[in-house]
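Structure first, commentary second.
Every chain is named by a letter (A, B, C and D) in the order it is written, and numbering of its residues begins at 1.
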Amino acid sequence: MRIENGTIVSHEPMGPDYRVLILKLPELAPLARPGQFVHLRIAQLHDAVLRRPFSIYKAEGSHLSILYKTVGRGTASMQDLRIDDPVNIVGPLGNGFPLDVPDTATPVLVAGGYGVAPLYFLAKRMKRRGVLFIGGAKAIDILLVDDFLELGWEVQVATDDGSLGVKGLVTAPLDAWLQTSLKGARPEFYACGPNGMLKAVGDRAIKGDWKAWLSLDRHMGCGVGACLACVQKVRLNGQETLARVCKDGPIFEARDVIWED
Amino acid sequence: MKPTLDITLAGIRMKNPVMVASGTFGYGPEYAELVDLNKLGAIVVKGISLEPWGGNRTPRMVEVPGGLINAIGLQNPGVKGFTEKYMPFLRNHDIAVIVNIWGKTIEEYTEVAARFDQVEGVHGLEINISCPNVKAGGSSFGTNLDSTAKLVAAVRARTRLPIIPKLAPNVSDIGAFAKVCEDNGADALSLINSFPAMAIDIETRKPVLANVSGGLSGPAIHPIAVKLVFEAAKAVKIPLIALGGITSAKDAIEFMIAGASAVAVGTANFTEPLTSLEVIDGIASYLARHKMKSVQDLVRSIRL
Amino acid sequence: MKPTLDITLAGIRMKNPVMVASGTFGYGPEYAELVDLNKLGAIVVKGISLEPWGGNRTPRMVEVPGGLINAIGLQNPGVKGFTEKYMPFLRNHDIAVIVNIWGKTIEEYTEVAARFDQVEGVHGLEINISCPNVKAGGSSFGTNLDSTAKLVAAVRARTRLPIIPKLAPNVSDIGAFAKVCEDNGADALSLINSFPAMAIDIETRKPVLANVSGGLSGPAIHPIAVKLVFEAAKAVKIPLIALGGITSAKDAIEFMIAGASAVAVGTANFTEPLTSLEVIDGIASYLARHKMKSVQDLVRSIRL
Amino acid sequence: MRIENGTIVSHEPMGPDYRVLILKLPELAPLARPGQFVHLRIAQLHDAVLRRPFSIYKAEGSHLSILYKTVGRGTASMQDLRIDDPVNIVGPLGNGFPLDVPDTATPVLVAGGYGVAPLYFLAKRMKRRGVLFIGGAKAIDILLVDDFLELGWEVQVATDDGSLGVKGLVTAPLDAWLQTSLKGARPEFYACGPNGMLKAVGDRAIKGDWKAWLSLDRHMGCGVGACLACVQKVRLNGQETLARVCKDGPIFEARDVIWED
C-alpha cells in the first residue's frame, strides 16, 4: 500500500459511457495484483471528503489503468481530468483474486458492466485460459470482448435488451454452458458485478461443489480497514463475523459470504 | 531556533499536539503503511466496549457536501479482543495511546475503564458520552447534565488513567457540560463528536443509512466546532482537545487559538491520509513564521 | 395531469410550498429584478423589531467551506419604517407575506406582533426566537423550554395572524421545543435558524467577524437540518417549514419527505438568485415523474 | 440588473499577478456604467456559497471585461477558466460614478492596484480628460498606463518600493500636483483603491472644498442590497445611517462617508 501522486498519461473514452484512465504511478503500479483496487482522490471536487474506489484494470511497468463508468458526481467530474493532471492515489488495496487455478480446473469469469476490468487483469496474469461470461444492460456495456479473444479466451455475451449476445441475464448462457460444455472439467469461478449476479454465481458454485471468487462492491470510507463502513457478514472458520470488504476483501469465496438482502 | 511542539496534556506526554480521532484511524495498523505513527502526538482508537459489538447494518456511511454521515454503530472487538489483538502493535510504537470507551450503562463504562487500568501502554481514556449512533448508549448521557456528571464521576472513581470525556455538540450550553465534567474529575475534554444528521434518498424515499440517522463530520462542521471550543474554553481550566473538520494546519491553529491545547484529525484521514502529518508540519512553520517559541503560546491566544 | 403545487399552511394560501428565507431576500424589491415574486409561495422578510435597529459592526459575513457565517445583528427599519417603505410594494404582488419578528423582551415581541395585526397584506408572523447574533435577544429564548413557551403564548394572545416560531438548531431535543410551541398556540414552525459558529483569522488571531461569532448557514448544515425536521415532525402535528442549506429541488424534497409541508431557500439566493424558481420547477417535475397528484403527497412520506 | 450565463471570449494575463477576463454577455454588457460591478459565480468552486464582486473594466457591445488580481481561493480557481467556459454573472450592480463632470472641473482619478479598472472605464466614457494618479506596491501593480496616455490623459505613478514612478504613496505626487499644477482649476476626484487611499483623497477634497467620488470595497453577500453584509456608515441629509455598499454604493461622495477605523 502506497500513497502516490500520479500523473495522467491518457484518458480515453471506451464507448459512450465508459472511460479508461492511465496513470503514471512508478511506485504503486508494480505492486498491483488482479482483484485489488485503488482509492482515487478527485481533487477538483472540493466538497467531497471521500475517495472513490476503482478496480485495477491494467498494471504494466509504471502505468496503472482503471476503466470507469460515469454514475455520479465524482465520476462525472473525473471526466474533466486531462493529460498531465496530477491525481492522488492510495493503493493497491484489498486482497485480490487467488492466481493459482488448480490444474484440473477451467477458469470461468463472470462479469457485469465495468466488473470486467479486474477480470481482464486477472486473465492476463493467469497461466490458464478459460471462458468469460459477460452481461450488461445494452451492447455498449459489453466491453473488452476482443481483448479477451486475443488472449485466447472464449467469450459469451448476454444483454438485458438483446442488443448483443443472448437476451437476458448472464446466467442464461452460463447455465447452458455448464450443462453442455463442462465435459468432466471442474470450473473455478471469478466474478465481478452486481450483487444479484455474484449471488447467482455463488449459488451455482456451491451447488456444483466448485469454488467461486466473488468481488464485492461496497460503498467505502477509508479503503484501508479503519472505518468499518464497508462490512459484509461472512462465515470465517464456521463463525459469523463482519469482514471489511476493503481490507479482508473485496474478493470472498462464495461459501464465506452471508447474503442478507 | 526551532519552535517546540511537545506538550503534556492531562499528564500524557506527546511529541506534538496532533492526534488522530477515534473511529477514523482504526486501531493503529490500518494506516501504518502510509502514516508513520511515531510522528503523531497520539492515536485515539475506535470506541471500545466491554464485550464485542457488531454495530449497525449497512449502509453505514454516506457522503454529503463538505462531510459525511456515519452510523457505524460502534462496532468493536471488546476490551479483551482489542487488548490482545492491537495493544502489542501499539506498544511497539512511540506514540501516546488514548482508548475511546463507551457503554450502554454507567456500569459498563466504569467496568471498561477499570479494565484498561490494568493494560500496559494505555495512556488515557476518552469517554464517548456522545455517540449519535447507538440508541441505547451514549447520546442520552451526553446531552443531559446530570447523567454526564454521574457518568464522569463514576468512571473517575474506577481508574487512575487520565479521563477525557468527549462532549456532544448538540447542546445549547456547551460551557455547562464542560464545567460539569471538570467538576467531576475529568482531566481534559474532547470536543466535539459528530452532529446528529440524516440523508434521504428521494427516489426511494428511504433514509440512506440503515440506521436512519448518523453523525455528520468533516469540514461542514468546523465553524460550529470552533465556536463550541471557544465557549468551552471560557468555562473550564482543564485542557481541551479539539476536533471537527480539520483538513489543514490552518483549521488546527484556529482551534488552538480558540482554546484547544491539542487537536485531532478525523474524517480528513479518509480524504488524505497524510493530513495529520501535514498539520504537524504546518503548525511548526506557522510558529516559526510568527516567532513563537512553543506551540503552547498558541493555546487560548485569541485576541478579542 | 399536472401535479398541484398549491398549499394552505397555517391558513396561509400559497401557490407552492417554496418560500425565501428571512434575511436572505431583503424586503422584496432587492431581488425583484431577477426573480418574479409572483411565482414564489411566500416571502419571509428580514427580521423586524419595534424600533429601527442598527445591527452589528462589520465585518458581518465570512464564507467558509459549504456555507457562510453571518452576524448581521438584525439591522432593520422597525415596524413603522418597514410598513411604510416596503408593504406597498409587497401588497402589489401576488405573494404570501410572512414577517419575521424579534424583540429584546417578551413585551417587544408582543408589541410588534400586535402592530402587524393592523397591517394589511401581512399573512403571517414568523417569530425569531433563535437568532444567534443578538446578545440581548432571541438566543436565550429559543434554547430554553420555559421561555419559549411563555414567548409563544404571549405573542399568541396579541395577534390573530398565524404565528410561526422559528426554532433554534442548537438544542438536544428539538421535539420538545416543537411540542411546547404547538401547545402554546403556534400555527406552524420554521426550522431551522443558522448554527452558532465562528471563524478566526489565524494571522491576526482575531475573530473574523466584528461580533466574534455568528450563524452558520448553507449546504454545510443541510443534513443536520433534515434530522431536526424529521425529529420535530414526530413530535407535532402542526405543519413545518424547513430550511437549511437548500440549493436544489432535491434538498427541498428531502425536507418534505422528512416531514416539512413547505421549505424556504436562504443562503442559496446569494449563490444563485434563481434557486427558488428552480426548486419549484424541480418539485413539479419530481411529482410528475413519481406520479404524485399533489405536493402534499410528499409531506411526511418517509419510508422507514 | 440581469442574471446571465456568459461565455468566455478571452482570458489573458496582464503582468504576473493580474488577468483580464472578457465575457460575452449580450443582455448585460450594454447596461453597464462606469463604477458599477458584476457578481461572478465561480462554479468550479463547489463549496463556495458566495459570488465574487468585480468592477467593470470595459463594456463594448456584447462584451464585458473585468481585470482581476489573484488574492484568494476564488480568484485562484478563476485562473482555470478557459475560452468558451460558461460563467454566470449578476449585474450590472451598484450606482456607478457620476459622469457629468462640471465644465469648470478637471477630473482627477486616483487608483490603487486593480482599482484602476473602473477608472479606465470611467475615463473612456467621460467627455473631459484629466490626470490619473496610480499607486501600487511594485511596478507590476501599475496597470493601464499606456491606455490612459492613449486616451490623452496625464499619468503620474507611485510605487511603495520605487520600482516605477516616485517612491511612496500615491498621495505624494497628488499633493505636489495639487500645489503646482492646479492653476485655478477645480479638481473633481474619482478614486478606487484601499481604504487608506480613499480616505486620504477624501480628506484633500473636503479641505479644498472639491468633490471626491470614492469607490468602496466591502466584502459582500448578496450584492443586491438584501443581506446587509456590506454596510458603511454614511451621512445622508445630515443623518447618520447605514448604506449598503453594493446597492447604495459602491460610489460615495467623500463628505457622506463616516470612516470608523
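Basically, a contact is a pair of C-beta atoms (placed from the backbone, for glycine too) under 8 Å apart; a residue touches a chain by one contact, two chains touch by 3 or more.
This is a predicted model, so every value here is computed, not measured.
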Steps in the shortest chain-to-chain touch route ending at chain D and beginning at chain A: 1
Chain pair, C-D or B-D, that carries the greater number of C-beta contacts: C-D
Approximate Å spacing (C-alpha centroids) for the pair chain A, chain B: 36
CA centroid of chain A to CA centroid of chain C, Å: 48
In chain A, residues with contacts to at least two other chains: 46-47
Where chain C touches two or more other chains at once, by residue number: 65-67, 219
Contact graph of the chains (line, ring, star, complete, other): complete
Of chain C, residues touching chain D in the complex: 23-26, 30-31, 33-34, 46, 54-55, 57-63, 65-68, 70, 72, 75, 218-219, 267-274
Chain A-touching residues of chain D, taken from the complex the two chains share: 44-47
Residue numbers on chain C that touch chain A, as the complex places them: 65-66, 219
Chain C partner contacts - residues on chain B that touch it in the complex: 64-67, 69, 143-144, 168, 170-173, 195-200, 202, 204-207, 212-213, 216, 219-224, 226-227, 230, 250, 253-254, 257-258, 286, 301-304
Contact set on chain A toward chain B in their complex: 1-3, 41, 47-51, 88, 90, 218-219, 221-232, 242, 247, 260
